[in-house]
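Two complexes, one shared chain (chain A), two partners (chain B, chain C).
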Partner chain A sequence: MSLLEFARGPALEWSLIIFCFGLLWRIIGAMFLLRKGDISKPRRNKPIRDGWTGIISRSAPAEAFEASIRFQHITGYAWHIALFVSVLFFAPHIEFFESVLGFSWPNLPNTAILFTAAVATGVLLALLIRRATHPVQRLISNADDYISIFVVLVPLITGIAAFAHIGARYETLLAVHLLSVELMFVWFPFGKLMHSAMTFPARWEAGTQFGRRGVKA
Partner chain B sequence: MNTAMTRVQDFQSRLQPIGDDLVRIECTDEQRIQYAKKAFMHKIDGRKAVDLDSCLQCGMCAEACHFYEATKNEKYAPVYKFRLLRRFYRRELSPMRWLYKPFTKDITISELEEWGHLVFDACTGCGRCDMICPMGIKISTLIRVAREGVAAAGFMPADLRVIQKEQLENNTMFGVGAAELRQLVDKLRADGVDVPLDKDGADVMLLTSAPEIQAFPDTFAANARILNKSGVNWTIRSDCFEASNAGFINANDKTLDAQIKRVVDRATEQGIKTLLISECGHGYQIMRWEAANELGKELPFEVLSMPEFMVQELGEGRLALKQQANGASVTYHDPCRLARKGGVMDEPRAVLAAMGFDVRETPASRRENYCCGGGCGDYAIRGAAKLRQKAFAIKQREFDEAGADEVITGCVNCRFNLMVGAQNAGWETPVTSLVETVAANLAD
Partner chain C sequence: MRKDQNLGDYLRLQGVSRRGFLKFCSATASLMALPPSAVAQVAEALATARRPSVIWLSFQECTGCTESLTRSHAPTVESLIFDAISLDYHHTLQAAAGHGAEAAREAAMEENSGEYILVVDGSIPIDNPAYSTIAGISNLDMLKEAAEHCFAIVAVGTCAAFGGLPGAQPNPTGAVAVGDIIKDKPIINVSGCPPIPVVITGVLAHFLTFGTIPELDALGRPVAFFGQNIHDRCYRRPFYERGEFAETFDDEGARKGWCLYKLGCKGPTTYNACATLKWNQGTGFPIQAGHGCIGCSEPRFWDYGGFYEPISAGKWGSREALLGAAAAGAAVGIGSALAARSRKKKAMAEEEV
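Presenting the complex of A and B:
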């Protein structure tokens, strides 16, 4: 079995199995710890609306905070948009998704994807530098923070290298890229990449808890 | 120096003569750690687990904390203040604990001691950090649990432990009990203000607080005038008048629940319809939002803050105000526990507008308002005085930017802390009370 066959075969299967089971295990484990219902008389009893308000309102900081967190706000959006465009609109990625899902969608030109991948890589490096140098972030950071950046950064770099045929044979570069993505899948449920799944229940809770007191989350 | 400031300083002197020996806890370091862990274990439920699992460690919350902003001390970042709790969760409760435990440091005694400063002196539980978190994590709730663990380990400031002991054992705070209330009531009656003390069959029961009786008797008198003017059938009970709750301040459930139960039992026994909370921010939060959950049953009466009550009475025509402000400018300081923790933000402004005031907002107001710097008992911690004063500089800047003639607030603890901060800073804008302002503008 070649490295590429391994990456496309058992490595992909096992990484996805670990990803799915880990994800479910962690979400169920955290969300299903016992909790009591709030029996204080609500000022407003619109939990669905308040839950959605929480999810939407936390997508942008309140005006009073904007100036102090502008860097994180802008880089946060730049990073996520650039990443998702690179992952979802690159022609070879779409072919892969089609083989799994059975349908496809239009791709963006390769130069556009190269640009978004470069933006994502640059922003992530900037966030890494900030984490290592900003007094608060340096103090609070642990191995999880750095490993999570590493496992997301490597697929970007190997993806750009495979696209540009830099450093090795294309098959080898592709295999390394796939393996790096699989490493990310394996790490995902164990580290803070889980925030992508936890964002919604956490914001929903904030929305409903503040909402019942008559406060916008 | 005006009378109010003299009274504030007199009240401040009551906070001083506390002997640490009186409240020292004797136990081994191992026991302290176990007490802390037990408290953490007890309080982490599904909601907090989701919050603890969601933290990105982005550090944005630091930018919302007045103590971090005032000092740039990275340890004052709210995310750092609940670090011990997060580590405990990852080691002992997380669904991934089997993986995390070998890589996650256990809690140490020196950390618990250090966190005594971080979660008591350097956190007022104001919840401003809750409003900035992009994940919607209720950070102040997590810090409160951290506070509970640190307190259980015996590392709460002695000043607060004394207050808690006093309330639990004597039903007094800062030495203010039934006798002091009666003394004030007698004085007010002599001045022509009727106070229906211990009246049976009342519809409304008022809760006040020791700082109000001791430092701000005019606020207490203002409540009485407003209630009398509205014609409501009200009372205040000499054996159950305290809105402050040392258990809430100290994150001690035994004292918290005992005080809540005392109030709820008395109010239920009297068949009151409305429990009215005078200018005490945390007293309102506890009775309005926490009490039913703490007791595990719905309250058989409604709970209102004075601003809510006044808006209700104005709306129903039982209260009328003179529009004598003539556009004089005021800034309303939102007490954290009335505003973002309690939802009372429109009412005080409506009342001020009804008197003709030009209400000028600070750059950060309402749910984003900066804390006075002395909430959740911080104002009583001697060791935190310098830190509080640094945080006051933020309030001063905010008030100056609003540029109003006067600052008005709806919490005696906020007022006390702002007045002390202003006095120390030589800042001369008056800080007054909402109910006092209303009482001075009651129409015939």
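Presenting the complex of A and C:
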């Protein structure tokens, strides 16, 4: 079995098994946690509207903080948009998703993907450097932060190398790229990458709680 | 061609002009990635070369490799050079049969001991020697005997080079490649199903010119011919870059000649010279005919996944395992949440007390 066959076969299957297991464990576990009982009369009873308000209002920083967190604000959006475009609209990625999900969607030109992947890599590197050098960020960062950045950064770098055929033969680069993605799948449910699944439900929950208490979300 | 005749004399007798011969030498030097200054050396060596003895053994194969090498549209300098080797044994092509043929092989091996080139096409069954025999001799025994005193071995075709189709799962005959058996002789793998004719003549030209084996890649293939993948040299590559793909074999993209990646083309992981040397006198190659590369020059290409599955697609059994994992994860999630609830309730009760 070649490295590529291993990456496309057993390694992929087991990484996705761990990913699905961990993802459901974390999500269901969080959903069924005990919450405090409703011991007061809600100020207003519009949980859906409050939930959406929570999601939308937290998608931009509060005006008072905007000036001090502009860098994180802009780079955060640049990084996530560039990453999603690179992952979701590259033709070989779509072929991969189709093999797992059973359906596909249109792709973008490779040159556009190369640009977004380069942006995502550059921004993530800048954020990593800032995290490692900024005194406050350094203080609040732990191993989970660095591991999570590493397991996302490596697929980006190996993906660009595979696309550009830099450093080794294509099949080796493709195998290393797939293995790095599989490492991310394995780490995903157990580290801070889980925010991808938890962010919006958490904002929704916060929005409904604030609404119930009559607090501006 | 008489045995005492050199190649230059033979080609002149066949009507090949000096200009035509030098053109071939230039092309051969270029194919072998030699500098222009080497053309004169190639011409000198080829013109004065004595015909090398070649013994061709065909084992578990379909004769496609022989067909590829002999069924060119018109006589070319390459084919004339191929004719000019002393093909002392090839049971498909030779007129002699039975004991006469075997006697010719044994005589050639004795007469040219240590100098003859052994060409092998087809894989060798080792589970049971009786699966494939020639004149009652098993392929394994014949290969070992013929390899013992040869100068070098050229494994022609993917079956001889890597086991090929006979070695595909479940490999009922225990088929193996030449290199799995012979360890003490230089082996040049000229893989492909079938290999490109000019590659085998290029390898022979290298022998005749330098008396050595050419530079080989990690799989024992001549780098000059197998150094680059099909994808890098494919004329459809610009469509890949633009993200323009044929989705089916008869859609608009297919008619416009767009990239065949989504239809399972293995060009990115296949190393061969099809996109540059091409087939049928340089007329075209499979991708030019509208079908993706199936990766036939790579080891175990038959078991590499479906010919029509894209390279980036996952290669695994089913989604049931994922559903099972998700169900197990959900169960553990519920269990851990219930345990947490229980702990919390207990803590709250203790707090109230």
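Going forward, the second predicted complex is superposed on the first by the 216 of 217 C-alpha atoms of A that agree within 3 Å, B and C clash if a C-alpha of one lies under 4 Å from a C-alpha of the other, contacts with A are read in each partner's own complex, and residues count from 1 in each chain.
Keep in mind that, in the parts below, a residue touches a chain if its C-beta (ideal position, glycine included) is under 8 Å from a C-beta of that chain, and two chains touch if they have at least 3 such contacts.
Values in this document were obtained by computation on a predicted structure and should not be read as measured data.
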| item | value |
| --- | --- |
| Chain A as common anchor, with chain B and chain C clashing or fitting | fit |
| Larger contact residue set on chain A - chain B or chain C | B |
| Touched partner set for A:54, first chain B, second chain C, both or neither | first |
| First (chain B), second (chain C), both or neither touched by A:4 | second |
| Contacts of A:91 with chain B and chain C, given as first, second, both or neither | second |
| Which of chain B and chain C A:107 touches, first, second, both or neither | second |
| Which superposed partner A:29 touches (first chain B, second chain C, both, neither) | both |
| First, second, both or neither for A:16, with chain B first and chain C second | second |
| Arrangement angle, chain B at one end, chain C at the other, chain A at the vertex (C-alpha, nearest 10°) | 170 |
| Which of chain B and chain C A:206 touches, first, second, both or neither | first |
| Distance in angstrom between the closest Cα atoms of chain C and chain B, superposition on A | 5 |
| Where chain A meets both chain C and chain B, residue numbers | 25-26, 28-34 |
| Touching residues (chain side chain A, partner chain B) in the complex | 25-26, 28-36, 38-41, 43, 54, 58-59, 61-65, 68-69, 72, 76, 134-143, 145, 189-190, 192, 194-195, 198-199, 201-207, 209-210, 213-217 |
| Chain C residues touching chain A - in the complex, by the definition given at the top | 229, 231-232, 240-243, 245, 261-262, 268-269, 299-300, 304-305, 309-317, 319, 321-330, 332-334, 336-338, 340-341, 344-345 |
| Chain A residues within the chain C interface of the complex | 2, 4-5, 8-10, 12-13, 16-18, 20-34, 91-93, 95-96, 98-100, 107-113, 165, 169-171, 174 |
| In the complex, chain B residues that touch chain A | 44-47, 49-60, 62-64, 68, 72, 74-75, 77, 79-80, 83, 93-96, 99, 103, 130-138, 288-293, 296-299, 302, 339-343, 345, 363-365, 367-368 |
